[in-house]
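Just so it is clear, A, B, C and D label the chains in written order, and each chain counts residues from 1 on its own.
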Amino acid sequence: MEPIKPIKITKEMKVKDLVNSMSDCGFNANKISKAIEILKEVKKEDCKLFFGLAGAMVPAGMKNIIVDMINKNLISVFVTTGANITHDLIEALGNKHYKGNANINDAELHKKKIDRIYDVFMESKVYQDLEDFFNKNFDALKDKTTIKEFLWGIGKLINKEDSILTACYKKKIPIFCPALSDSGIGLMIWNNLVKNKKINFSEFEDLKEMLDIAWTEKKKAVFYVGGGVPKNYIQQAMQFSTPALYGIQITTDNASFGGSSGAPLKEGISWGKMSEKGKFVNIYCDATIALPLIYAGFKE
Amino acid sequence: MEPIKPIKITKEMKVKDLVNSMSDCGFNANKISKAIEILKEVKKEDCKLFFGLAGAMVPAGMKNIIVDMINKNLISVFVTTGANITHDLIEALGNKHYKGNANINDAELHKKKIDRIYDVFMESKVYQDLEDFFNKNFDALKDKTTIKEFLWGIGKLINKEDSILTACYKKKIPIFCPALSDSGIGLMIWNNLVKNKKINFSEFEDLKEMLDIAWTEKKKAVFYVGGGVPKNYIQQAMQFSTPALYGIQITTDNASFGGSSGAPLKEGISWGKMSEKGKFVNIYCDATIALPLIYAGFKE
Amino acid sequence: MEPIKPIKITKEMKVKDLVNSMSDCGFNANKISKAIEILKEVKKEDCKLFFGLAGAMVPAGMKNIIVDMINKNLISVFVTTGANITHDLIEALGNKHYKGNANINDAELHKKKIDRIYDVFMESKVYQDLEDFFNKNFDALKDKTTIKEFLWGIGKLINKEDSILTACYKKKIPIFCPALSDSGIGLMIWNNLVKNKKINFSEFEDLKEMLDIAWTEKKKAVFYVGGGVPKNYIQQAMQFSTPALYGIQITTDNASFGGSSGAPLKEGISWGKMSEKGKFVNIYCDATIALPLIYAGFKE
Amino acid sequence: MEPIKPIKITKEMKVKDLVNSMSDCGFNANKISKAIEILKEVKKEDCKLFFGLAGAMVPAGMKNIIVDMINKNLISVFVTTGANITHDLIEALGNKHYKGNANINDAELHKKKIDRIYDVFMESKVYQDLEDFFNKNFDALKDKTTIKEFLWGIGKLINKEDSILTACYKKKIPIFCPALSDSGIGLMIWNNLVKNKKINFSEFEDLKEMLDIAWTEKKKAVFYVGGGVPKNYIQQAMQFSTPALYGIQITTDNASFGGSSGAPLKEGISWGKMSEKGKFVNIYCDATIALPLIYAGFKE
């Protein structure tokens, strides 16, 4: 048995040294270091990493980490919510999210046309910019045959270095968003449907591509920030394929509530989604803390 | 100020009397009674109730409550995950979920072809029955123009009294499932796409219908079991419309993690999704406990 | 394998029928029914039940359930926080807790001399009544040799049917409160110490009695509402003795944070505190919901 | 309004730069940076910091952070659980905690005489070393008049640089442990009581000293790792005194469950424990992650 070695904090300490010390601690500190170890192995073994991103991670300031992971060829397949993509586009169009306050009168905010996401604020005028963007560009996008192609198209048009959409487009990373209709971008598509502009893309065509990838790749890893559709969609793709060999999950949910978001990765072994010989870690932590820590500890 | 009155448990106590006592307590017991009060007002005021169901609620045994709420005209619009609908169909086809065990060797389960959802088990052979059902019926379903029509079509075909899909079909309750591709039914659609059977439905057509309803109704209420896409999809429909007047949310998430699932309903006021004069309650509890309690306390 | 049977809610349903239905469900609903089953077995087997009560359960209205469990001879040893005892005494002296509001300006409350416990309010004048009580009675209490005797003394003096302290006194149920100094009653003892009234009791004398009981009893069960000192104190008493055969734990904590409050009961097997052949259940739920449900489902 | 600036992770990044970036993010990342800001202000303003430590923080490897905070004169008053002190003593006597595994057969561990604290292991033979220590030293300790003096006495005897007890002793930092009987050290005191060695200390004498300090100091700050008795004991000391001006709380609990552990610091304003003009932050995170991050970000 290896002893616990209490962390010693030093002046001007590097994140790498901090997370290295965490590997000699217990509880979730230890899990942070395990995630880094797994991520290093994923890279060394040249596994294909399926990354699922849920929660308001773009508004909270996690965008650049994803962009960097894509640009550094860490992420092979990216699955997220319509909200994260919409907020990525909102920022790409020049709008911002703001540092706000969670203990505030929401009726006052509404009068000021400010939308709140816990302690992050956003001006509701961003929707006008979204609408302008799609009014200008919808015709060029509507003939794409998959949501992935549609999103790559947006990424190409906005062409911003710090955009997840642009990074996916440039790196040709498949980006899947099964519930795109559940988002501001979804509303923009609806807005054009109402104007009788037919679209040619469907989430089910994306599913074909997703399953093609998942069923072709042999060495797979998964990384989940939150649960929801992004996690479930990736897990599903593993089910009738070869199971994932590595897994990292950052969640704040509890297994006993039975939802996919809180299910420890090992539950996936019963379904054949995860390999019984795989290496997994479930970190119970706000991803705005855990994700930067893991990536700063990993980055070479 | 009204005093707290400690609960007295009596022999053969009715649920109504228990939750009535809870209205004189604090913490989440109080919230349970508030939810019942709100639900009664929703019914009395003839509000349209938008119900969002996330989490593995069908496998856990919550199906009949939803069916009964639909049949009793409580639910006007129903939004859920692909998983809940798939498990509803699985049961309608004669398969079962089983009482299992969360502390078990998942590799052993996998050998026995048993899929685990926390402490609920399911035989993986259910997928064969799903496939048989769609092989037989897909041609009749593929020309539906919305996912709602597709799901109603399934509900009609299976025709089971205790199926959510059948109840929605019979009562003509719009059922929305924005991420249907993220489910076993999604896999069946994919399976037929691969066989070159084109489909004519799209989640974006459903969005049109959802927004039509949300923007037409004046007196609206929301009820969320869990968060995820079902909650967000309903919330989004309220945004540029008149806001919801009543809200009940059963969650196990914490607001500070910033996700939609844990966001207290009052946050929606800033977005214009919830009325600043509305009545809301956020219950922090496993829905397998809170939902039956609320409904048993409500039912007349 | 036994199938999950979805709950059917009926009109005028009894709590017993509801929790009986929960025994055919998954997740924490199932755990509620297991707790009742265990409690019935504890009674049938005439086990000694060590009950630990943490959290602001008396202010929230859970007092009478404890009193009834004591009067019905279910609880053999009772361990709690100083706060619960103090609030029990506060109510016994004629003061009340009130139904309040968690979303309120605390500075305003402070001006109105109202102390807040989430959504429960209490007038700060209760401390004056506490002081009056101890000014009048301290001399009669200060020569007790254990905290248990001191608390029984208070229970005798107040002599209220719905007081936990009185119930313990009358039934001669040992009541332990290892951190009594951490409470309003603790402040009253301090107040008298300052006036040079020496006391003759010590928590360490109580520990002697607690260990005598724990080490003598052969058939033991534990029931924890929350964690903290009450749980740990009981667990500790099991450690070098025979382990507990039954266990019920209501918690809202997560095992991965490593604290005693969230530790599943089976962790106690490694320590020899719980029997490896024991029956345990860990319910993840607000105790103001779970405790009344369990007790109403149990009561005959 | 200040914009959110997405975190950019750089190679060889320092913790200070990481947490500085977090100050431009939302959710709990932002809270981490706020805690550091508050801690800096506490130091600059020369406030007396009351530090409450709950949870199995010593076994998990957090000991040296506390020791360093004491040695750097950051902590003025230290309150903790009996368990943390006992584990500090266990390590001081030459025993270790080990990196273990949470998914393990506890009955097997019990056979191997290994006690489990989530994923931290400890050999049960440590109790023999504790007993030897007290057999040898109890007579020198039993005449102390407070628990604080008793604990200082132990710290002096063991004289280990990396012991919290020794650091408190050397720095003359008052260390309070209101529920000492609820711990391995408590068992050792009991063991000697049984042998008729009377002790002369009482938790109520410590309360006198605690209140003297709290009521004398004008500029006070609080820092809570977890809740339980350590938090409540400090909060209580603020109540009839001047309120605390600064507060940091690391918790994983949810306010709606009503317990002290999850109560946001602002609730203390109603009680007069916290200043309505104070600066507070409530971080929802495993302390094994948050505490090292905060301290590494703070340390100069």
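Quick note on the criterion: a residue touches a chain if its C-beta (ideal position, glycine included) is under 8 Å from a C-beta of that chain, and two chains touch if they have at least 3 such contacts.
Worth saying up front: this structure is predicted, and the values here are computed from it rather than measured.
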Centroid-based (C-alpha) most distant chain relative to subunit D: B
Interface with more contacting C-beta pairs, comparing A-B to B-D: A-B
Cα-centroid distance, subunit A relative to subunit D, in whole angstrom: 35
Where subunit B and subunit D are represented by their mean Cα positions, the distance between them in whole Å: 43
CA centroid of subunit A to CA centroid of subunit B, Å: 25
Per-residue multi-chain contacts in subunit A, two or more chains: 26-28, 56, 59-60, 117-120, 254, 256-258, 266, 284, 286, 288
List of subunit D residues in touch with subunit C within their complex: 54-56, 59-60, 81, 83, 102, 106-107, 109-110, 114-120, 124, 178-183, 186-187, 189-190, 193-194, 199, 202-208, 211, 226-229, 232-233, 236, 240, 252-261, 263, 266-272, 276, 286-288
Residue ranges of subunit A in contact with subunit C within the complex: 26-28, 31, 254, 256-258, 282, 284
Contact set on subunit A toward subunit D in their complex: 1-16, 18, 21-22, 24-30, 32, 56, 59-65, 68, 96-100, 103, 117-121, 162, 266, 284-286, 288-290, 292-293, 295-296, 299-300
